[in-house]
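Paired with chain B in one complex and with chain C in the other, chain A is shared by the two complexes that follow.
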Partner chain A sequence: MIMAKRIALAQLTSCWGCDQSLVDLHLTLLEVLPQLEIVYWPAVVDYKLKDLEAMPDESIHIGLVEGSCRTKEDVHLLKLMRKKAKILVAWGSCSCYGGVQGLGNQWELKELLERKFLKADTVEDGRIPEEEMPGFTESVVPNTEIVKFDVPFPGCPPTSENTLEALSALLTGKPYDLPEKTVCDQCPKERKEKSITKFKRAHEGHIDPDKCLLDQGYLCLGFATIGMCGAQCPTVNTPCKGCFGPPPGIKDHGAKIISALGAIADMDPEELEKAFPDPIGSFYFTDYGASYLSKIRDKEREEK
Partner chain B sequence: MTATSQEPKTATKSKRKKAKGFEPRIVAFCCNWCSYAGADLAGTSRMQMPPNVRIIRVNCTGRIDPSFILDALNQGADGVLISGCHPGDCHYSTGNLKMQARFALLQKMVESAGLEPERIRLQWASAAEGDVFTEGVKTMVETVKRLGPNPAGESD
Partner chain C sequence: MTDEKTIKIHPVTRLEGHGELTVKMTKDGKVKDVQFNVSSTRFFEKFLEGRFAEEAPRVAPRICGICPVPHHLASVKAVEDAWKVTPPPAAIKLRRLAINAKQYSSHALHFFALAAPDFVVGPFADPAKRNVATIIKELPDVGKLALQVMKFGQDLVTAVGGKAIHPVTATPGGMLNPFSEEKRDIFLERVKEAKDWTLQTVDLAKKVVTDYWDPITKLAIAPTYYVGLHDKGNLEIYEGKLRVMNPEGEIVEDFTPRSYKKYMGEYVSDHSYATHIYYKPVGYPEGIWRANSLARCNVVDKMATPLADEALQEMRDKLGRVIHATFAYHWARIIELVQAIEEIEMLLEDPEIVSTDVKLSDVEPRKGQGVGCVEAPRGTLIHNYWTDDDGLITKVNMLVATNHNIAGIEKSLMVAAKQVFEEKAHEGLKLPDPMIE
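On to the complex of A and B.
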């Protein structure tokens, strides 16, 4: 019998969609499960933080960390996972790049707290919770900047197939490398020489299902996004939002997108600028926390 | 990561903020065919301009990836100047127009990130316009002096 590998799955601030994606393997899970000894997985089994704290260091073979650090408790759990796990996997875009919640870095923490707890339309007699709380982090940074990770594994969420592939590789001790390809490489639509004269919102006009969405003027970010998902969205005529983040080697997702748009848009600069009222939201859906802009703003904060 | 983030914090504050005569460090990307030659002309014609600009020659402004600009700011440049051929004069026909489009988006993005878009400037200066290049540098230096040091900057 093969020795079962001890595995821990930790959830930080996130939607827990990565767990959902893992569980969505359904019966295929049975192929992997016998090789796993789950020692920590609060999303599914009732483990407490102290259980993890009590384990000897480096006693976990594979640790998967999902979510990003929005609270100080998240930071504690992340560092704990690093200490206890031999191989640490940044599971999902939150863990690799900060996730959707990284978009909050456009504002100060104080503004965010006021917006959420005091000014939201549904709030009456609001107050910012402070008692018995772990406290918030000033901004969301990728987990990979807090501790060292052995395997980056982006996706929002990584598909069930991705998860199975990565887990199988890790279990057999094979290296797991991210593909260099983009979503466009996996997309079945017909592409032409690009020259875009007008950008449309997804609900405007009629989409020709056979042709490239970007050619038709819809902001589909497949060209700048790592090809792991099998082009799920473009295949069903929904423009790619870039949720898996950039291919390996790209330092700034949004800057790369701007670079490409500048080359293919046949528009006045003013018109082009007007077409994107929220450039950060459009170009950094899940990875603003990892962007240069967010890093610069963090340094400014430190300076103050 | 943690070790480096501790160090410059104190050094930056004492050295750069206190300094009365703040001398900005500006990175300039100049295209080989127009602005680099224009800067050269400004030099050989002995036109006076502030010495705050470090020029990086690129073949065309169309080669400048917006990440170069953001990387420069992240590494502590107080400003980034991009200087290229006039629209229509690009050696590669449309490289500068691509830069122009990228610049529009980049500036808007920098602004919505809560940073100062004035730290980035795009100008056109041909090979014969040493004076235009000089003026551009002067304006840029004045603007950046008014804004003060890049808060993300590290001391040298």
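On to the complex of A and C.
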């Protein structure tokens, strides 16, 4: 029998979907659980932050970090996890790329706070909460830019199968490498690389279930997205939005998509610009926080 | 006062969300204040601005990975309301199938993984043992039951929505993918077993209720208002009107979700990033209400399905009609679990569920404002979007399920804290021997 490995699962600001995806192993959990000694996992186990703080450094075999740093407390927990864990895994697209909340980087923190706490239609006499509150970070960046990670593990969330594969590798001491494939490589629909003269929005017309969505003019980002999920969305006639981020080696997901679109679409730049009035939302779904655009903004902010 | 004492619970565990608990005591041991500090938020209401409205249903599920289906559907309904589109009936049935499947797995998760450890292992057990992993290890039958029930719900959401966590198929005008006969047949077969498991869960819950009758009826009894959706008096989670019940048990409002702003206010407390939603006409804190399972069971006349309705009547026979006992939330959750599986079975048996007519092809974006309201497992959920002529979102207002409950949680914790710290009431409670030593 294998010795159980000490494992900690920490949630920074997140939706808990990565957690749920692990729980969704369901009956397979019965095989995995005996191999784990869970030393921190607030969703399930009653250990407190002070218990984690009291552990010796590097005493956790595997640390999984879900979510990204939206508050100062998140930064504290992230650094703590780095200190306590031997192998640190960036669990999910939030952790690897900042996640969907990175889209908030388009605005100043002040504007975000105002919208939620002062100007919301249903708020009266609003204020910015401060008592016993940790305070927010100015912007959302990938966790990998704050501390060093040993294993990047993207997905929003990674599928239960992805999670099992990664955990099994880590538990047996094998390396876990990300695949070089794209979603198109996993997709049951065959892309004919048709040249597109007009893009359709997801609600428009009828999608032909037998044909590649991109060939039909729907913005399906499978061609520029890492192939881990098994092409879940195109399989159910829904365009890929790129939630797992880019294939390994590509630094800026949206920039890659934009440059590829030039070749895919038979449209002049003005037409393309008109078709995509929201390039950030369209091309950086869960990884705007990792983009050059967002970094330039951060830099400008610092200089101010 | 400098010599007051603060007790911090950080983080609150077995909760999906980021919370801390602060109990403030005076020096003579009186509970002064109980704060539930929700310590993070992500500003969806801002960063949805400027997006294609039809993409909002893809973004919104990320608000909560435990209940992404209600967000997916409230979002698509808000866009449809703004663009004045009505999806085909078969699309609505598919959505109902998905939201009931989520209700089913979420309630099971809550009962088995979040709540049951206290009942099964005992509330004062060693934290290393007081969790669902122990249940799985030491009570393998209960563990297996839990996992199968959750799996059924999640698998069904995947079958309809493409992904269980962050489903993708609902779009303004309908559903992007029909439900195949093949899938329908598989789930028609599986639902029989699932119904069986549900009844086993009910038996387990009944035992818990009997064993823990003392704390259920004595601890944390907190009178508040209640809010929840209904359809002609029946408990409903996809589409209907909202009822408000006062602490005395009278229905004081019955309104369409579109007029929510008249009835729902958000109080921003200094100690939480989650706002406290309350009954606006009465003001805050008088108008504190609670949502979620017990609230729904309070405001409706009856359940929509026969077995669930029997279960509701049984609870009412024992505890009355307006029920303020916080622990009864667990009971109400089980009643709703039964309704969910009965609804699922009915929908699967409906021939229209495999119709391929699930999406309009002539949906036009337009300038407008729309409200989408559903019940998430934890309470009423409202998305309100404003769109421009091109169908881009210009503004968002959102009331999420959990925020209906924060003030109510504080209120019931205040009652419980006084009972525990001042009256030591927990010491006199009759508790059964734990099922696991």
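Observations on the structure shown:
The working rule: the second predicted complex is superposed on the first by the 303 of 304 C-alpha atoms of A that agree within 3 Å, B and C clash if a C-alpha of one lies under 4 Å from a C-alpha of the other, contacts with A are read in each partner's own complex, and residues count from 1 in each chain.
Convention: a contact is a pair of C-beta atoms (placed from the backbone, for glycine too) under 8 Å apart; a residue touches a chain by one contact, two chains touch by 3 or more.
Remember, it's a predicted structure, so these values are computed and weren't measured experimentally.
Looking at the superposition, the partner that touches the larger set of chain A residues, chain B or chain C, turns out to be C. In the superposition on chain A, contact of A:G254 is made with chain B only, not with chain C. In the superposition on chain A, A:D278 contacts both chain B and chain C.
Within the superposed three-chain model, A:E145 lies in touch with chain B and out of touch with chain C [touch as defined at top]. When the shared chain is aligned, chain B and chain C each come close enough to touch A:Q106.
Of the two partner chains placed around the shared chain by superposition, chain B is the only one that A:A265 touches, whereas chain C remains out of contact. Residue contacts after overlaying the shared chain place A:T122 against chain C, while chain B stays out of touching range. In the superposition on chain A, chain A positions 106-107, 278, 280 are in contact with chain B in one complex as well as with chain C in the other.
The touching residues of chain A, counted against chain C in their complex, run 11, 13-21, 23-24, 26-27, 29-30, 33-34, 38, 42-50, 70-71, 73-74, 99-101, 103-104, 106-107, 111-112, 115-117, 120-127, 129-134, 156-157, 201-207, 209, 232-233, 235-238, 241, 243, 277-278, 280-282, 285. Within the complex formed with chain A, the chain C residues making contact are 9-18, 20, 22, 35, 37, 39-43, 45-47, 50-52, 54-55, 58-59, 62-66, 68, 109, 113, 127-128, 130-133, 136-137, 140, 143-144, 147-148, 150-151, 154, 161-166, 168-169, 171-173, 176-177, 260-261, 264-273, 275, 277, 359, 361, 363, 365, 384, 390-392, 397, 399. Partner chain B is touched in their complex by these residues of chain A: 106-107, 145-146, 251-252, 254-256, 258-259, 261-263, 265, 267, 269-270, 272-273, 276, 278-280, 283, 291-297, 299-300, 302-304.
Across the complex, chain A is touched by residues 1, 5, 9, 12-13, 62, 65-67, 69-71, 73-74, 98-106, 108-110, 112-115, 151-152 of chain B.
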